[in-house]
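Paired with subunit B in one complex and with subunit C in the other, subunit A is shared by the two complexes that follow.
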Partner chain A sequence: MTTSSDQPVPESSAVQTEMLGFLAKRTGTTWATDADVFGSGGLSSLFAMELVVHLEKSYGIAIRGADLRMENFRTVRRMAALVERLRQPAPGGSGA
Partner chain B sequence: MAAENGTPGAGRRLAVLGAGVMGSGIAALAVGHGIAVSLIDPDRRRLAEAPARIDHQVRMARLMGALPEEAVPGALDTGPSPADLPAAGGLAPTAVIEAVTEDADAKAKALADVSALVAPGTPIISNTSSIPIDELALATARPVDLIGTHFMNPPYLIRTVEVIRGTHTGEATLDALRALLAALRREPIVVEDAPGFVTSRILHPMINDAVRVVAAGTASAESVDRLMRGCLGHPTGPLRTADLIGLDNLVDSLWVLHSRTGDEGCRPCDLLLELVRAGHLGRKSGRGFYEYEGEQA
Partner chain C sequence: MREPVAAAASAVTELVGDRASGWDRAGRLPEDLVRKLGAAGQLAAQIPTSYGGPGWSSADNGEFTAHVGSLCGSLRSVMTSQGMAAWTVERLGDPAQAAELLPRLASGGTAAVAFSEPQAGSDLSAIETTVTVDGDTLLLSGHKKWVTAADYADLILVVARMDEGGAVVVVDRTAPGVRVRRVADPLGCRAAGHAEVLLDDVRLPLTRLLGGGRQPLSLLVTTALAYGRISVAWGCVGILRACVAAAVEHAGSRHQFGRPLGRHQLVARHLADLWTAEQVSTRACEHASRCWDDNDAGLVPAIVLAKYVSAAHAAKGAAAAVQVLASAGAQDGHVVARAYRDAKLMEIIEGSNEVCQLILADHALHAVTGSRT
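Here is the complex of A and B:
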């Protein structure tokens, strides 16, 4: 049984929980859902690509073109929102 | 459709010799700017891994905002020998970039082979770190077409490029290189020929000294890097830079400098040689002065 699109909230929060766990494991620090992971004292921007690869592998999505922007990976909430959007067939979706 | 005005590199095709750290990085820079690339390396395993590594770097570059928004990625083809070049893609290469192992004999062979294959007037660009361009010119059929261009790793992030004019480098070659670098949105700084030119002549012995400091037990690699960053404004610190360069390549370059200048400060220090012998080559092998678990080079 796959996602029903009128229930995005539990889906997104599952992604958030998993991403918080991934970040804690990879960085040895706990992060809040809205914390800027690349802000001062945060992660190097090189780590962003690791987040991209992890999200693609974990959720079977392809993040390409205009979606490859730091802004999409700055917080766990934004990453979850991106996963949400790319998992839907989305007419008029994300741009090339 | 597409491509003509939007993509700065449309209509160009680069041949890149060597699919290692720099060859694949330069290929990624070109592809990301819409330039088609033929990548050549006799090491078939390297060659097979290259497209995925290049795609990863192009995506990384896009993520970091280092590519023009409008660029349609250039096509990439790969092959084990430059002999296939004229046929591949149906378009003769507009320039050749040589990024093979930092070994004068290996480079001489690669340059001799390729200069016999491409049309006269095609710029042949060596990415050597240290070997004088005039020395490499002896191997080519047309020294007038040869020029040095020292891209740094990763090429898509570092905008400034050291350009080395050999004694025989033609004005047309320099002009063609400037146009290529403009399409790649890089900024050239032209210098004269010498062992290590400017950047390697200064940076490589400095890194060698940093390794000596660590070997002497004066400070850890982390402390050396933190001091060089925090006090002297070095962006990554010399030891993390060494890992990014590749310790084997650094040792090769130091030997070139040592043999061509006689400067004992350029003799690779024991710790560096030991790490290379143990296969700890830096980021590309997962370990050097630091560990790189889970990161893709």
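Here is the complex of A and C:
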């Protein structure tokens, strides 16, 4: 599998690998880092919330407010970019 | 039950006393009761302490919700709405919105969440209520139906369409262009303040758009309903607990054909099924709350499972309880008569049985093959 051209952050590629594993385990299908997981034949919107919860728990981040956009979850690469951004020291954001 | 939860539970028992049946028949809760519980933070006890709330876990709040549900289904419905509004703000709002709104909701302010419309019930992708940005204000128009607790609410969180996506807009009940009309004579939870909300070119500041809006509609709805569903599920546990207590008391004390009703095998079966229903529903809810508190990725199916199992058991169990009490419970206002009507509504709201079945089937199709852990 080739890595992305736009955001080849090493830390982020570890997130990508883990997320590919999570998706494969939960869906029984292999995904590419730039595959649209919610596109045709893809996952239900209910799964989007599962993804949100998984990302929060796995990476100790809080995905709230304006970050809850489908663009942030559409591909593994974008999920990794979101994790990367939110891992920077963030204000507040208590857990459930 | 943890000490603060147990203390809150006995305080509510005292507050409600024997008045729930009167509230049911009148179709109204006393306003001071709602405000009092709200001021104690107990209408939405999961609001974090950093926002002035009690900061209870889902497991604690669930037990408390079941307790309130065993006393009065209408009051429990108001709690569900308030908690869902708070959760929606916490999840979808930006930090400034959370800092403004959550302390209000933890100190006596009331709120409801408006999803359904005349043409959009189970299919919320069909909602027509629309919010647009007009200069430096929001413009909101639409028609919401069956908004639980809206008649008691200061704030109504309106799920709307915004460009290609969705948005949740926080609307003051007193804003010009907002009309709230009570639903007359609902089948169940008669005092829960169900209302229609009419929004006619309502102008609001941009800050009333949670998280800036334009989020995927389905994600907004799934997020808000996550709280609503788990709360309804625990409420159903409460319905079942009230039914078990009433049926056991009656079957143990009333004699027919020379022995207690409970010693007649056909009645005993009702008691066994009722108790089983309460236990199974409790376990399903405990599991969902554990997933919530652990932020487990299996949270979404666990919540739908709890809601589906508990609502179906509550509807069947309440019918069995009425059967056991027979003429003794066949009067409006009686605890099992209320349970019977309230439980039927629980099979409809926050995702009907059939919608839950579709979600669970979809989960099974997509996920179970991948992992059974």
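One rule holds for everything that comes next: the second predicted complex is superposed on the first by the 81 of 96 C-alpha atoms of A that agree within 3 Å, B and C clash if a C-alpha of one lies under 4 Å from a C-alpha of the other, contacts with A are read in each partner's own complex, and residues count from 1 in each chain.
Note that a residue touches a chain if its C-beta (ideal position, glycine included) is under 8 Å from a C-beta of that chain, and two chains touch if they have at least 3 such contacts.
Just so you know, these numbers come straight off a predicted model, no measurement behind them.
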{"item": "Fit or clash - subunit C, subunit B, common subunit A", "value": "clash"}
{"item": "First (subunit B), second (subunit C), both or neither touched by A:57", "value": "second"}
{"item": "Subunit A: partner with more touched residues, subunit B or subunit C", "value": "C"}
{"item": "First, second, both or neither for A:26, with subunit B first and subunit C second", "value": "both"}
{"item": "Touched partner set for A:70, first subunit B, second subunit C, both or neither", "value": "both"}
{"item": "Superposition clash, subunit C versus subunit B, among 169-177, 241-249 or 259-267", "value": "169-177"}
{"item": "On subunit A, positions contacted by subunit B and by subunit C", "value": "26, 45-46, 48-50, 52-53, 64-65, 68-70"}
{"item": "Complex interface listing, subunit A residues touching subunit B", "value": "26, 45-46, 48-50, 52-53, 64-65, 68-70, 73"}
{"item": "Complex contacts: residues of subunit A adjacent to subunit C", "value": "22, 24-28, 43-54, 56-57, 64-70, 91-96"}
{"item": "For the subunit C and subunit A complex, residues of the former touching the latter", "value": "46, 48, 50-51, 58, 90-95, 97-98, 165, 210-212, 214-216, 218-220, 222-223, 226, 292-301, 359, 362-363, 366-367, 369-371"}
{"item": "Residues of subunit B that touch subunit A when the two form their complex", "value": "56, 59-60, 62-65, 294-296"}
